[in-house]
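Consider the two complexes below, in which chain A is the common component and chain B and chain C are the respective partners.
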Partner chain A sequence: MTVVAFSDVDVLDILVVLAVAVTAVLAVVIPRRVSATIAFLVFGLLLALLWARVAAPDVAIAEAALGGGVAGALLVDALHRRQPDSPQRSRRRTATVTAVGAVLGAVTVAALVTVLSRLTAEPADLGPLALEAVERSGVSHPITAVLLNFRNLDTLLEIAVVVFAAVGAAALSRDRIRPVSDPGPVRRVIAVVIVPALVLLAGWLLVAGTSEPGGAFQAGAVLGAALIIAHLCGVHAARAEGRRALAIVVTGLVAFIMLGAIGLAATGTWLALDLDWAFAAILAIETLLTVSIGMALAMLFLAAGSRDEGSVTDARARAAAAGGAP
Partner chain B sequence: MVIVDIVVIVLLAVGVMFVVAGTVGLLRFPDLASRLHAVSKADVLGLGFIATALAIHILATEPGWAAVGVVAKLALIWILALIGTAANAHLMAGSRRRAEAERGTEA
Partner chain C sequence: MTTLQLFLYAGAFILVLGVVATMLVRDLIRRLIALNVASGGVMLLLLALADRGDGEPDPVPQALVLTGIVVMAAVTGIAIVLARRVERLDDDLEEVEP
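Moving on, here comes the complex of A and B:
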């Protein structure tokens, strides 16, 4: 890994850092959505440039693709849908959008060229290293060893993303999830037969993860499916909504962070596991994560299927009824 | 062994034939009811033949308790597919029927 010495920092770096800070503030402060969005997109591209400067080209490419590309497309699309155009303004807006697109495209190309010109380092071959160290990880399956021991910071952050997504979806769909009133005989049979089988399968996948392919993410996906089926069959005891469900989702993340703190106290390194209790710790955290991931996936599914009262179609219909007023 | 192999191959071929027939029906039949009829029955029957072939194969080649475990798993897979497919087809057909009744165009 290349370490950037302080003497390598030049005027350009300082300017980019300042510009990142300014665009970040602007993206939050500006009340006009179009300007805020543009500030956010410029922020993403400058951030990619900064990652390239600290010799992290893969992070830079990811930032340029996600922050500039995907997030940009989503934000511009959301802006476009939220603001029905009046005819006299649309021509000027088209010109503005074209100009903004051209500038952003040019900046993106410049950022990517900078990043690619720095791709010199040989990719590190970490596979053999991981296989060699498996016996010191507490579990016998190399993938579980990598996910829950060697690189468990990555897993922690992935869990955080899942939790935030579920919390956001739950906030947007509050109290609007359709209840199932009369499940009928067929769905009752499914609830009795399929749901316990899926829960059993999730438990098996979880335990198998220590020595075979499996683990918290696979078991969580199966558990999420079981929760969704239970909801659709009218089993109210397993409702994936409300504060209780949110608490269950957050528990996995909190427990993972606490495991990191325990590692810090016991071994002196954040998230490090001692071989004496690594197996127990991995199994315990995987169990909590399974429940957490399963509930989060079920919440996301149900939120996506909830009644969308503030939908764009409704907003457009109301705007049309009010005489085309924006 | 040769007889077992022939039986396994014949069962696999019959199973694949049913699955292909179900898929062709799903793609070619005109409305929801006939498509469900094709795919829910033929596919599960085909899966049953394939699972039976695999069970005979494992019992003949590696006899023992491990093979019995595999057979039990195959049986479980088939039973779950049977319940799942039948229930899904029933629910989809029922949902379509209610929607048509609400629109007053019940067939």
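Moving on, here comes the complex of A and C:
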């Protein structure tokens, strides 16, 4: 049996990977929601560190803003509710199911590791091809070129997913958005200081994304965070609810589809961009996507935090208070 | 073992851990966390694969992961809304048939 030698590996890499694995285990094993959520948030932050190690600064920014920021806010906001008691099941059956799951999981990991150990260390052919074609894309940052030009159908479908999620969440929580209690002077100052700074940062990430790490996703996540903070601090001008917010969210998707049609008319290929106007088109569509994604994330946050009205219990209480028959 | 292999094996472990936990855990919020952990494993696999070789990293998997992060945030949002709905219905059922 050969001893696994880690001599070629940076000690820091081993430590970060170990920490990531441990927090992942904790996040799924701990029974209490609060503790599991905290473990997951630490997991997300450590992942952002790891992304910097695999030369993916764009992903690190997005992970920090979305994984740690918006998703964290969503999960933490869900915690203020009571955790329902888990249904009583026989201990033996639970143990059996867990054991079967653990064994099947171990077998799958072993199979995956066997496959992965046979991969060559050579990069795939697609990467160099994409890097070579960047100069014909209209922007100089390779990831933005892939997202908004070479594979912009993926991005179109992604924005469609985001729009459907926002519309669905808004429909499920209609009329139950929690009104904000009067924000004290501290929260007002926070809004005045942080929200403009975040909007500025979003704008910078958006424009910088054409030539260096950044782009519509990261900018959208930061804008969404700004809208959520504005909401929590009682700024009503930017409320992410109602028809106006829906219209803003849908605009990004509609504009992207129109861009596809323009590409069809101008170049004969759906979603293709002509180098003459590719830069302008990419920056324009990225701006709309940033606003759409930001608004959609804020809508999802508000919907997830909506209050629990309209349940049978509430209706009964109200009927009793009114003195009428339920 | 190389750095690439370390990252790939860790990615495979986290992915499978998340998928198994998603199927076994019964609490809805914890199940959602497990799904997010699984997506972290997929991202680690893809990004480690993108960073093979000495040159610039492959932008295509990195773009895929970026798309995945945004989709996962949207999925998390709507799943929390649905989980609240389900739990409220469960509370109501308990109320009606104690």
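Operating definition for what follows: the second predicted complex is superposed on the first by the 183 of 326 C-alpha atoms of A that agree within 3 Å, B and C clash if a C-alpha of one lies under 4 Å from a C-alpha of the other, contacts with A are read in each partner's own complex, and residues count from 1 in each chain.
Going forward, contacts are C-beta pairs under 8 Å (C-beta built on N, C-alpha and C of every residue); 3 or more make two chains touch, one makes a residue touch a chain.
Source: prediction; values computed, not measured.
With both structures placed on the common chain, the touch criterion links A:Glu135 to neither chain B nor chain C. When the two complexes are overlaid on their common chain A, residue A:Gly67 makes contact with chain C while staying clear of chain B.
After overlaying the two complexes on the shared chain, residue contacts for A:Asp274 are found with neither chain B nor chain C. When the two complexes are overlaid on their common chain A, residue A:Ala102 makes contact with chain C while staying clear of chain B. Between chain B and chain C, it is C that contacts the larger number of residues in chain A.
Shared-chain residue A:Ala197: touches chain B; no touch with chain C. On the side of chain B, the complex with chain A involves touching residues 76, 80, 83-84, 87, 90-91.
Those residues of chain A whose C-beta lies close enough to touch chain C in the complex are 4-6, 8-10, 13-14, 17, 20-21, 24-25, 27-29, 31, 33, 36-37, 40, 43-44, 47, 50-51, 54-56, 58-59, 62-63, 66-67, 70-71, 74-75, 78-79, 81, 83-84, 86-87, 97-98, 101-102, 104-105, 108-109, 112-113, 116-117, 119-124, 126-128, 130-131, 142-143, 145-147, 150-151, 154-155, 158, 161-162, 165-166, 168-169, 172-173, 215, 217, 220-221, 293, 296-297, 300-301, 303-304, 306, 308, 311-313, 316. Against chain A, in their complex, chain C makes its touches with residues 1-10, 12-21, 23-27, 29-30, 32-34, 36-37, 40-41, 43-44, 47-53, 55-60, 62-67, 69-78, 80-85, 87-88, 90-92, 95-96.
Contact residues of chain A toward chain B in the complex are 186-187, 189-190, 193-194, 197.
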